[in-house]
Each structure stands twice: as structure tokens, then as C-alpha cells.
């Protein structure tokens, strides 16, 4: 089982409850704005503590309230592409990209800097500071940073929202390669039906 | 003529040059990531000074290098929905929404708070702080804040990028109403072909 | 109250008046200087920066002496104030407030400057596009976002001026009911054998005053943050 | 150099040693305290906050007197240091450094705290998901983002300790070549009729030292900001 | 209420070491039905600079003659009113618990008595008490042996505190200070001849406008006033 998630959390006066188990390599989270998609990813990444339940991904239990298991985020190695980018403002694009790569154990460094940079079309940005990037440029750097960190699984929160069609296509191909060649499980949040149908083996509807 | 724009600016070692004149009520800016769409909006809003050229919108000259005209941003009343939201972090959603409304002259306050709030589906968020909003919630509040400020024209930088299909539809209807009933000119940046075709009378391709 | 004598209460009241006036007058000045240092490109602004730091670097007695030369009855600024505005500073609480304010200035400027530096100017830009003038943007966006620094400046400045001694005694002497603030009363008590109990009592009062200022500022900061909610991490 | 006599150069060198050591020792302490105050929910932390502010609120002689009671050869802390580590502070430059450090502490804590307050913790969270431990996150994200505050703390602390007088002379006296730093030398000169020219020269040296610290810090801040580019507004 | 209101007594700028005695004298004066003088205590040097800067006050009491001379040269005092208010003597103090008295005479072994520790005194290059102490040790021929062992405080009280806390084994202070502190004892008194006479000059200031001032000055110098100073260990005017 790639994914076995059953958690709930109280946020802004509402209960957000998510439950799914699937063997698909890519699971898509779907649902209206504010329904709890980002909150779900945060619980899986270890950034928001669920009130109850358990999270098991690719055979490893990350959280289990009853068993008292709660791995630290850095132990989960989750490869989170945030909805709001979060590039480190004091580091160049290059240092942002290599931040997680330098921390990853050798055997998980499956992607090389120049390969990722080529796919994302950000060669010319390597020495820039994040503050000077356009919206789509920043989004691509954020994707690159996450992929280079050698994650055990990926959490992608609308990673392509501010990219044009041809860029989207290139990056989708990269994600597909990661899915197929490295068999890294992916949870993917998107509003784009086409994207979701192309990538995901399983669609979870939140409400 | 609704729009008469002919400007260029040097940014990150590259020249960004834009030239278009159109009578359409909605002009869409199209182009790859990093091509200069946001920079163009910033020049029109008065946030980035063009190296040369002129900007005339709805019969009013906002900038003209040769004539030495350069209106302040607050004089342009441009209604800018930023790509990065920029909700004021120290104000509640309600105070964010009313910020520009309170500053607008009476005759330009064409939209009422409760109408906007209803269309955007943010009634339940009025007393929240921006930091606690989800991505799509923040985007809707940002749109509301801009519309309520009674702008003379609108600059919308991917305003619907993190919204689901049904929300998108509702907000598009609101934008269409503004376009038709108030005849406010709109410059619209989006990667979504469908959105653009529905709204725009003229598509400008940057490269 | 029995803890302090009537004379000592008068000292406390005087200290509060001197520090309060000093801080309230210096706050806008500090903000203006912090603004110039942080937001403008004035060519010689490093000298303004250095000038502001002087009361911190120089021993307080030197600052007091400098004030005496400038603002004494024979000093140029002192003459001007006396002739134009009818204000005399020598041996007066107004002089003590000037000394306290000058000593607090560098701390207040720096605190406000650090806050200004941390403000994301994109919010100010957004306010301008929503129709706010420069001044309105300043009041409604910049100032509230700089509030942690302003509060820190108030606390630091208040504490510093409540504790100010060297510049005050050098500039405006140690006159009861005019310039004998808490630190000068403590100094006076230290000159008297067996004055340690007075010293201790007055020191406790000083501490209580600054603790009150601290608590108030922390409360205001917390109120400003209300509604924010974060992550577990 | 002719501007200062050999003795006066020795005073300058001593001042630099005392202030340098004081600031370097106090910097990590300040950071730790600022961290506790800003990032933890310790129940009684307002008291820690008040304690840190004491050297600011109390007249320096009282702080010096307190240090004497605690760290003198007969004080509890003084005995401990002497017995355990063989360090004596009385009449030594080490004592002067302690006094300077204690006086600089509140300013440094506040500057660092203001910077910590301004850090967007989402960056720290992002670092954790990229595999960084708490400590690695602190070194690679928190610390660099707090750099403006750390630099401000260094400048404020250095200026304050270069100017420190009251606590030093009360605690470790005015011993040539051990505790006679610039302010103590200036004070000595002020007591002598006609000593004004010496006072002026030594004050100029103090100012030059702090100006150098200022320029260095501004340069570092600017270097840290390099590559940022903004809007016209 | 400002000090320059005429309803108030004269403004007296006095050396900090005069505080207790002068407070008592002012109380006695007030008890006679006069407005109480306003007393401001600080270092003699600071007060002299304030007077030089045009501060309006009535009386100045300095802890030594030098600052009074400075004001006299500048014509800021009324010369004929200058008088010696009190005198003082210089003593060697030790913590109460320590070894027996020292005979202070030419060449006495002060360095040995210090036992490698420091001698507390006021700053020998600036503060009056320090300068008198240095003079005395020089004339007794022992200055060279202790010159490097001085711990000098901001004023006499700080030096006294060091001895009182047993941070220093010996200190040089005024007799008036030694009387006041129960934790120290007088180990010996310096001969009057070993240093310049310790006098506290007083003078009326040129800027004085208050009518009561002269009467208060006369009271301080009168037998009644002098008796109060004597109670605090000061010697009489000579």
C-alpha cells in the first residue's frame, strides 16, 4: 500500500477529516478552496499535528496517535512543494536548489542539479536572489529544490498554477519520470482536471 | 481608445518591451513565464518606471516620458490584483476589504461590501487575519479588496490561479458584470486559454 | 504608602514626569531619524548615524558636559531657547528631560530602524495602488507594521531614561524637586553612611517601574499578534 | 602617533580589549536569552525579561555595586570563579569586561529579539521538510535571517561598552593598565581644571572607534542585501 | 516649584562629601523659621562647570581650593565672601576585623601592610581626596612602593566601600567618612603636615539674587553652624 491516511484536525472552528488508502503511485487531492487540502499535506509532512488517526506512506508509519509515533519533518523526507513557494530569501537560486540536496544521503540523490535545472528552464537564474524572480520562475525553482532533496515521497500543492502550457508540459514529463523510474509516491493537489487525469491513478475528493 | 501602451524597461539584463493599442474592454496578456507580464502591469500601475514610452488608459495619460508625465500610483486608481496577494498582515479580512473602499471617492464606490463578499464566498472569513487563510481564500480576499477600491481600470495578474472550477465561474461572472455594467477596462494575465477566451476582446502575446 | 516617604514619592513622580516627557518628545524624532537612515539615500547619512550614537559611546558625564556647553545659559542653544521661547533648562526638570531624551535616543532609533528594515515594502506598494497617499500609507501600513520596534523603543527608552544619571547630574545638577530623579536620589543616598536601605528601596521602585513598562509593552505586542495562529513546529 | 601619548594609546588598546571580549562573550548569551523570550512559552519569562533590563534601569553605580556584592572576592560568584576556575575579577580587566558586558546585555538582547520576531517561520518549516534538523535550520536559516539584528546588537553593544563608566569604576575601580578604559581616563581628566583638551582628544578617539564599528556594520548589512532589487516607490 | 522663586531658600551647590552635615545645617536653619535652602550635591568639578555655564545659584562649596580658584579667576564669585567653611583630615582605614593599627610615619611599610593586595583611594590624579592622599604618601616617602597597587574609585565613598567589603585591606579616606562607616576602623591618621591643608572653601556667587543667602552663609560660619559640622567629624574653619 503506497498510502494509508486517516486523520482529522480542528482548524478555524471546523473539523477537517481525510481518509484514504490506495496503491496508486499518484493520488490527487481535489476539493473546493478552503476545504483542507493544504492542511492535509501539512499533516502528512509533520507540520500540523492531527488530533487523531495515523499516516503510513510507502510502508513507513509517519504518525500514529495511538502508538505514539510522530516523526519529525526532517525524518519524514517528504518533498513538499508549498503552495506559497517559500524560497529562502537570503540564498541565491543555486543555493536554494542545493539546500536539501546537500542534506540528503548519497543513495537518495537520484537527480543531478544540471538535469533538474535543464528540465525546469532555470539555467539563467542560478545566481539570482529569489526576490527578483517572476511568479513562474519562483515556482519552478521551488519544484527543483524539492526534487533535488531526494524525497521518499512528494507532496505537491498546485505546483504548476502559474506556469504556461508549454512549461507545464515539460515539468509534467519530469514528474512522470520521477513517478515511473524512481517509483516515488506522489500526492498532488490541483484544480486542473487535465493535469490530474494525466498523472493520477486515484482521485480523492475532499468536502 | 481604452488602451494605448508603448513602453520598455530593462530588467535582469534583458529589455522588456510592450506595445499595444486596443479598444477592447478586456485585453489579455499572454506569454511564457518570465517574459515580462507582471513587469508590464507594474509599469501601468506606476510601480516600475519605464525607460521610455507612454501609457494612456481610458483617455487618461498616466505616463509619458517625453511630456514628463508620471502620475503617482494613488492617482492612477488602477485596481491591481497582485500575483502574490499582498493582503495587509496586520488587518482583518474585513479591514483589508474596506481599505481602498474608504479611500475611494463616493462616486467610484460602485460595489457594496456585502455584494462583493457574497460573490466571492468569503462571508465567514471577515474577522480572520490573512495569515490564517488558505491559498484560494487569500486570493478571493485580494480580488475583493481591489474591486471595492473603486478602480478606474483593473490589472489582474492570474487572479484565479488557485481556485477550483466552480469558484472560478462565480468570480468570472462578477468580473464580466464589472466589465459590462461599469465599463471598467481590464488587463488580464492568465495562462488559462478558456478564461482568456471567455473574457478578453484582444489578446496580446509577449515575447 | 509607608514603603516610601513623601519626599521619595515626589522623587518617583518627578522621575516619571521627566522620563515620560523625554520619551514622548524623542519618539517622533527617533522615528524620523530611523526613517532617514533606513529609507533614504542621503549621501552623508553615516555621519547622522554616528551623531546619534554619540550619547551611547561617550561617557555620560561628557554628554552632560556637552549639553552644558550647548544648552547652558551661556550656550548658543540655551540662549536661543531662553530668548525665543522663554525656556530655561539649567537646574530645571526640563533640562533633566533633555538629558534623559538624548541618552535614550540611540537606543530608540536603532529599535525603530530594525523594525523598518523588516517591513516588506510590497505592502506599502499595494496600499498606494489602492489609493493611499504616501502619508496615509505611512500611517495605516508602515507605522502599524513597525509597531514592535516602536514598542521596543518605548521600553528601552523609558528604562534608559529612568536609569539616567551621569549626563543629568553633570548638566542640571542634583536639585531636589527639579532634577533629583531616582538615580540621583540613589546617588545622594549612597553618599550617606547607612544609606543602603534607601538605595535598595529606591532601586526596587526603579525596577518596578520598568517592569510595569515591560508588562504593558508585552501585552500590547501580544494584542497586536492576536488572531495569528501558527504551526506546531 | 603624536595625537595621543603612549599611555593614552595603552588606554585605547585596553578599551578595545575589554569591549571586544565583553561583546564576544555576551553575544551568544544575548542570542540565547532573546530566543527564550521570543520563541518559547516559559511561564515566568517576564521575570527573565525584567532581569535583563536591570542594568538599563538602575543607575550604573548600583549595577556596579551589585557586581561587587556578587563577583567581588568575597561575593558568592566571585568565590566560585576563584576556586573553580582560578579567575579573579577584582581590579582586573576581566572584571571591566564583565561590567561592560552586563551593561551591553539589555541592548543586545532587544536588538536580536526584534530580528527574531520579524522572521517568517514558514522558511524554517520549509527547511525542516528539506531534511534540516532543528540545529541545521537554526544555523542556515534563522541565524542568517536574524543577521541585521545581530549586527545591530554588535554595534549597540560595542558602543555601549566603549562608553561604559559607572559600573566599571564602582566594581573594579580605576586601575591603570587594568581597568582604566577610555571613559575612566576621560573622567579622570574632567576632574582636573584645564583637563578639557585631554577630554576632547580621548572623546574623539571614542567617537572614531564607534564610527569604525558603524561603518563596518553598515557595510556588512549592505553586503547581505546585495542582489536585492526593488521598486521605484 | 522652581529654585529661582524667591519664596525658596538660597540654592547651594555643594561637594557631595558635605551632604550629611550640610543637610543637618539646612534643617537647623529652617527650624529658625527661614525658608530651607535648596541643596544640590555633585562632584565639585561638575558644579564648577555648571556655574561657569551661567547657571544661577547662590552659594558654592567646593571640596578643594582648585575649582574655587577657577571660578574666582573667571570672576564668578564675590571675592570678599570667600571663606574656609570646614577642614578635614586624612586617615588610613581597614576593615574592622583586620590586624592592629599602623604607625603612620616617614617610610612606614605600607606595601607590606597591603600584603600584595590593593590600596583603595579616590583617584589620585583628579578627585581632591585622592590628590591629598598621594601628596601625603609622597611626603612620607612611600608613594613609589605602592603606586602600582592603587585601586582608585570615582570618589571617596567608593574607596570606602571597597574597604568596607574587604575587597581592599586598606584605604585612604577623610576622617569624616571613616566615622560614618561601622564596618571600618581608623588604622592611622596622616599628619597634617604631610599634605596640603584639606579645606572646603565657600563663596557667594555673582549671580546670587536671594536676600537670605548672606544670612545663611553667616550662619554656616557662626559657632552654631560650626558646631553642627563638628558633629560630623569636620574640623573648624581656620
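Letters are used for the chains, namely A, B, C, D and E, taken in the order the chains are written, and counting of residues starts over at 1 for each.
In this section, a residue touches a chain if its C-beta (ideal position, glycine included) is under 8 Å from a C-beta of that chain, and two chains touch if they have at least 3 such contacts.
Model, not experiment: these values are computed from the prediction.
Fewest steps needed to get from chain A to chain E, stepping only to touching chains, is 2. If you take chain C and chain E together, the chains in touch with both are D. Set against the Cα centre of chain D, the chain with the most distant centre is B. The interface carrying the most C-beta pairs in contact is the one between chains C-D. Centroids built from CA atoms put chain D at 49 Å from chain B. Between chain B and chain C the centroid-to-centroid distance comes to 44 Å (mean Cα coordinates, whole Å).
A straight line joining the Cα centres of chain C and chain D is 20 Å long.
Chain contacts: chain C has residues 61, 65, 125, 128, 187, 190, 231, 233 touching two or more partner chains.
Among the residues of chain E, none is in touch with two or more other chains.
For chain B, residues touching at least two other chains, in rising order: 46-47, 73, 84, 128, 132. Those residues of chain C that touch chain B in the shared complex are 122-123, 125-133, 136, 140-141, 144-145, 147, 224, 227-229. On the chain C side of its complex with chain E, the touching residues are 61, 64-65, 68-69, 72-75, 78, 90-92, 169-179, 187-188, 190-194. By the touch criterion stated above, chain E contacts chain D in their complex at residues 43, 45, 48, 66-67, 69-70, 118, 120, 123, 125-127, 150-154, 158, 161-162, 165-167.
The touching residues of chain A, when paired with chain B in their complex, are 12, 30-34, 37-39, 83-84, 128, 132-137, 139-140, 157-158, 161-168, 191, 193.
By the touch criterion stated above, chain C contacts chain D in their complex at residues 46, 49-50, 53-54, 56-62, 65, 106-107, 110-111, 113-115, 117-118, 121, 124-125, 128, 148-149, 152, 155-156, 159-160, 162-163, 165-166, 182-183, 186-187, 190, 199, 203, 206-207, 209-211, 214-215, 218, 230-231, 233.
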